Amino acid sequence: MINFKNDYSDGMHPKILDLIVKTNNELLTGYGTDKYTSLAKELIKKEINDENADVYFLVGGTQTNVVGLSLIPSYGAILTCDTGHIATHEAGAIERTSAHPLIHIKSIDGKMDFYDLEVKVKMHKEDQHMSYPKAIYISNTTEYGTIYTLKDLKKLREIADKYNLYLFLDGARLGSALTAKSNDLTLELINQYTDLFYIGGTKNGLPIGEALIISNPNLKEGVLQTIKQRGALLAKGRFLGLTFYGLFKDKLFYEIGQKANDLANELKVGLQKLGFKLYANNDTNQTFVYVKNKDLEYLSSKILFESFVTLKEETIIRLVTSYVSTKEDVENAIMIFKNIK
Amino acid sequence: MINFKNDYSDGMHPKILDLIVKTNNELLTGYGTDKYTSLAKELIKKEINDENADVYFLVGGTQTNVVGLSLIPSYGAILTCDTGHIATHEAGAIERTSAHPLIHIKSIDGKMDFYDLEVKVKMHKEDQHMSYPKAIYISNTTEYGTIYTLKDLKKLREIADKYNLYLFLDGARLGSALTAKSNDLTLELINQYTDLFYIGGTKNGLPIGEALIISNPNLKEGVLQTIKQRGALLAKGRFLGLTFYGLFKDKLFYEIGQKANDLANELKVGLQKLGFKLYANNDTNQTFVYVKNKDLEYLSSKILFESFVTLKEETIIRLVTSYVSTKEDVENAIMIFKNIK
Amino acid sequence: MINFKNDYSDGMHPKILDLIVKTNNELLTGYGTDKYTSLAKELIKKEINDENADVYFLVGGTQTNVVGLSLIPSYGAILTCDTGHIATHEAGAIERTSAHPLIHIKSIDGKMDFYDLEVKVKMHKEDQHMSYPKAIYISNTTEYGTIYTLKDLKKLREIADKYNLYLFLDGARLGSALTAKSNDLTLELINQYTDLFYIGGTKNGLPIGEALIISNPNLKEGVLQTIKQRGALLAKGRFLGLTFYGLFKDKLFYEIGQKANDLANELKVGLQKLGFKLYANNDTNQTFVYVKNKDLEYLSSKILFESFVTLKEETIIRLVTSYVSTKEDVENAIMIFKNIK
Amino acid sequence: MINFKNDYSDGMHPKILDLIVKTNNELLTGYGTDKYTSLAKELIKKEINDENADVYFLVGGTQTNVVGLSLIPSYGAILTCDTGHIATHEAGAIERTSAHPLIHIKSIDGKMDFYDLEVKVKMHKEDQHMSYPKAIYISNTTEYGTIYTLKDLKKLREIADKYNLYLFLDGARLGSALTAKSNDLTLELINQYTDLFYIGGTKNGLPIGEALIISNPNLKEGVLQTIKQRGALLAKGRFLGLTFYGLFKDKLFYEIGQKANDLANELKVGLQKLGFKLYANNDTNQTFVYVKNKDLEYLSSKILFESFVTLKEETIIRLVTSYVSTKEDVENAIMIFKNIK
């Protein structure tokens, strides 16, 4: 069985496991005050070239969205793609826990439609009975594996500044985004153009862990207490510090993302050659492909994957590669797809 | 330097690490649907002798308090010792995140004063302008290492039933509580007399992990969504399932607690022999001892510990043993204390 | 200038004012414990033929939505028409204050599409990463003046029961709904088929005031505290009790609604005779009519109204009648419209 | 029966009623956009001598506390007297609705102990596991009728500035406070030294209504949306604007407060002459007096009042005068007390 179900089926990258094993006997202080956490923060600040940024390590993606958006003034609403993770697959975490209303913006292949964004912001700002926009939430890669370009990010910053909004970037799959062929962003640029963002670890080889980075000074007060209040402060913070240290000390972060992308791109090329139609074509680690509904049973018996959109006669399925995927996985998958062509 | 600072300075118990290493190459399904999580749930249900209980694995203590108390009807207030963890050291997590008001009850050596509990419940129930009591929160061991007996728990259940309250037990240090010499409770009894409770892993040899157990059917709806909404659902749930599996398959849970207690008791006996006065004397892994303020500097240079209460000429300091503490640590500590007598 | 802007431009019905004037010198107990509040509750319980219902008087519509939905278990999401008041014009009150996520359901002329309702409920119940449906919110009349029939309400109850959902009815304009020609519902039937609902006073001749009625025993605990916690408990509760007493003691409630509807229906007939196209045609007090954009300036100089939907060459405007509108208002309005035909 | 139960048993001051009657037939725009609301805002800005302040009219005291404190950054905790209204008699409104934790500060006769305030602020700021102080809440008059002086307010401002805290003043009984003989504050000074505060109408002759005044520019964004989200935006805002207009156009606000105080002071003098001991002696409209428990039944048969603190043999009862109290009420009450001396 080929596992293209997701990028969190693995335990953790061997280099990370190695660090955990080697340091297990050390007695360290708790709640993120240990030396590995400090080292990891320094590495990240260096990577984003911003000594003044505040870096916090959290456990998971939804948690980091909840904590990050909890820093947005409580009277504000969050602008998100209608396909955004917080709008669809976080069980209403933002509404219930950070208690911000969401405003849904149209999306094109998972990316925010800037025209609709501006229309909605104006409409809401003009009518005091509507929710009050205060932050834009995007994710990179998006839910459909597409990525934002530097031009996109500049445009979003421009809109954010024009309407006095904060800009938050969910980087659960930022490793894949930043190593895509078509990518022209860097961690430094993302830090520069957003107010806060996070770097995902869980879907990039870590057992747990996301790094929240805050550059806007207005959002830097009360953060540790917010983290604690949301139940997100890890007693044995060493496991976050240590693993992010491992991820950034030798650029493992990029290596893991790159490998996942390379395999995905081989897969995409293979599928297209066979005549399969891709949805939201991208060069990151997620591949969305149309398959006939009658072939789903056969495919499911050979490959683990998720169905995304069910249409009348076709289904868009998602195939995800990761650093544990292999060239053989890709080649075998292409063979299997050949059988249904 | 002897480390009696806390019971979460360690990485994790070697047997747990071993499990992680051995299973790292397995590809498993996410969000707690993996086989180890199922096995761990079965072990715990067997241990509490309740097939109908719902078991969820969460990451940390404050998180489990937030999630567990989020299940209490939202109009209700939570009754807690004035020294309770949620009342003092969770940065207001309950008020901000589960949005329940707290009602402070007097405590004696960290245990709830049942008389004051009933006085406050009645007072609040009679005045509709006061917050409305709906749940009792206790922790075992308490913040002062003391423990509740079966008689205590029966009394709390009786009060809870009389006033239509839920009973929640915070078991961050339940391993130590259940292996104390004076203990007469079991996981089965705790499950029987509470509506929901949790078994702490982080302070008992795990890297992360607390097991929330819900027996009251009224509290079983929407739990997974609540966990997700509080940012507490782990993508790689395997690390929670696996470690709790390790903790319960060969009674490691009790072994770890027992070792911490045994060393603590040796320490207590030693200190008392030297004439030191203990505060909130108990037979669990926390030792509270009065030391003269003038001796703090010397002690701090030899032993890592925390100061709990600062008085005019004395300070109550806390010494915590764990499964990584050694007989030598205890003996050396007693020698050091001898020097200040 | 003809005022068809809304149904809350008036002060209050003269009979209500009379009651306030006559009782002003009485000294009464506070927070809803006065005799007029008791009398009003009795009148309403009689009207709904349910001695066991709990009746509370609140100040405004959004407040009553917030309080009523705050009683829904906190883990649940609220299903609402995409055009529902809570989904559009309450500034995100539900998300921020009762902290429930909303699930948008398609609407047809302001009424919930039952097919889409069931599709969304199933989809959300099957995916634990989506928000968890727990209540259906409808309003009657709807935002477009349309009304639900007994058959509709039975169908909604059926769906609610099938999926274990509560059913909440926002009756801000219930007076108009229940006196519409096509209406076959009564307060008794609404109470019977919903779990909780409210009767609007503000848009039906009262200065302030909405009556929340709870029939489901599961929702009756902690209500007064919830009202207090949401800042919705009026110290001088007499003004709510007294005015609802005035509204129900001689069926003034229906008289006010009837007059508004009768005038609206004359207006609708007149506009249609002139060839104007109505949107979401209904027989309640709101009239939605298409007018050419070029005529808006002229119309605005003669009639106060609100624009609802702006299209390329046309705008759907809303004309609202109330008990203070007159036959002359309607006749004059028709003359004015004649000028733009 | 003499009614000293509270200062909200009345309907409303005749001059206010007169305004309501006279304007009832006017058709006005909703949600606070009417002319009377504008006039009232102008009067208040003039009274506080601050053209830049933002003024909002809300319905009740708890509501205004909830809304005002909702503007404080969500990560912050609120410092309040342990006897403060939000800490005791708002059913946990702040914790549940604005979701801020409270930090209890010792009080002396209802006034905040500045020493304890500073101790607690420092303690909380130093320990990141404790809630994070961000605002001071006081009320004037306090729950015990005592008042803050200019010196007090300057000291509070100094502490607030030192620790980066906002200062909020609950003025539910500000009319009585500002007309007390010993008072040296004015609305202008209060506006100058606080960040936001409110002027109570309900307990000072209005049917409903409190005026929230915000001077700190950091707190001025998203206020209307916050009001709406808390269900506190009145559709017929005219009733708030109109009544505050009536309260301030001819200094009625002070006249009402003065009359209540004068009568209370006669009562206090009378009771002291008879040898009764006063608790928290003050010169505002609340009188707290010790009476023997055996005399409570007799007193209750002659005077309406509330019991505040029940001691072994005595009870501290509260007698409240208002503008509807009379000289005869006071004289008769003194006679009644004479009977139990």
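Note that the chains are named A, B, C and D in the order they appear, and that numbering of residues resets to 1 at the start of each chain.
Keep in mind that, in the parts below, contacts are C-beta pairs under 8 Å (C-beta built on N, C-alpha and C of every residue); 3 or more make two chains touch, one makes a residue touch a chain.
In this text the structure is predicted, and so the values were computed from the model without any measurement.
A count of contacting C-beta pairs for A-B and for B-D identifies A-B as the more extensively joined pair. Averaging Cα atoms per chain gives one point for each, and the point farthest from that of chain C is the centre of B. Distance between chain centres (mean CA atoms), chain A to chain B: 34 Å.
Rounded to a whole number, the gap between the C-alpha centres of chain A and chain D is 49 angstrom. Averaged C-alpha coordinates put the centre of chain B at 42 Å from the centre of chain D. In chain D, the positions touching at least two other chains are 74-75, 90-92, 96-97, 99, 128-129, 131-132, 225, 228-229. Contacts from chain C toward chain B in the complex involve residues 31, 70-71, 73-76, 99, 128-129, 131-132, 134, 221-226, 228-229. Listing the residues of chain A that touch chain B in their complex gives 3, 5-6, 8-12, 14, 17, 20-21, 23-30, 59-67, 90-93, 96-97, 202-203, 207-208, 225, 228-236, 238-239, 324. Here chain A touches chain C in the complex through residues 74-75, 77, 88-92, 95-97, 99-102, 127-132, going by the rule given at the top.
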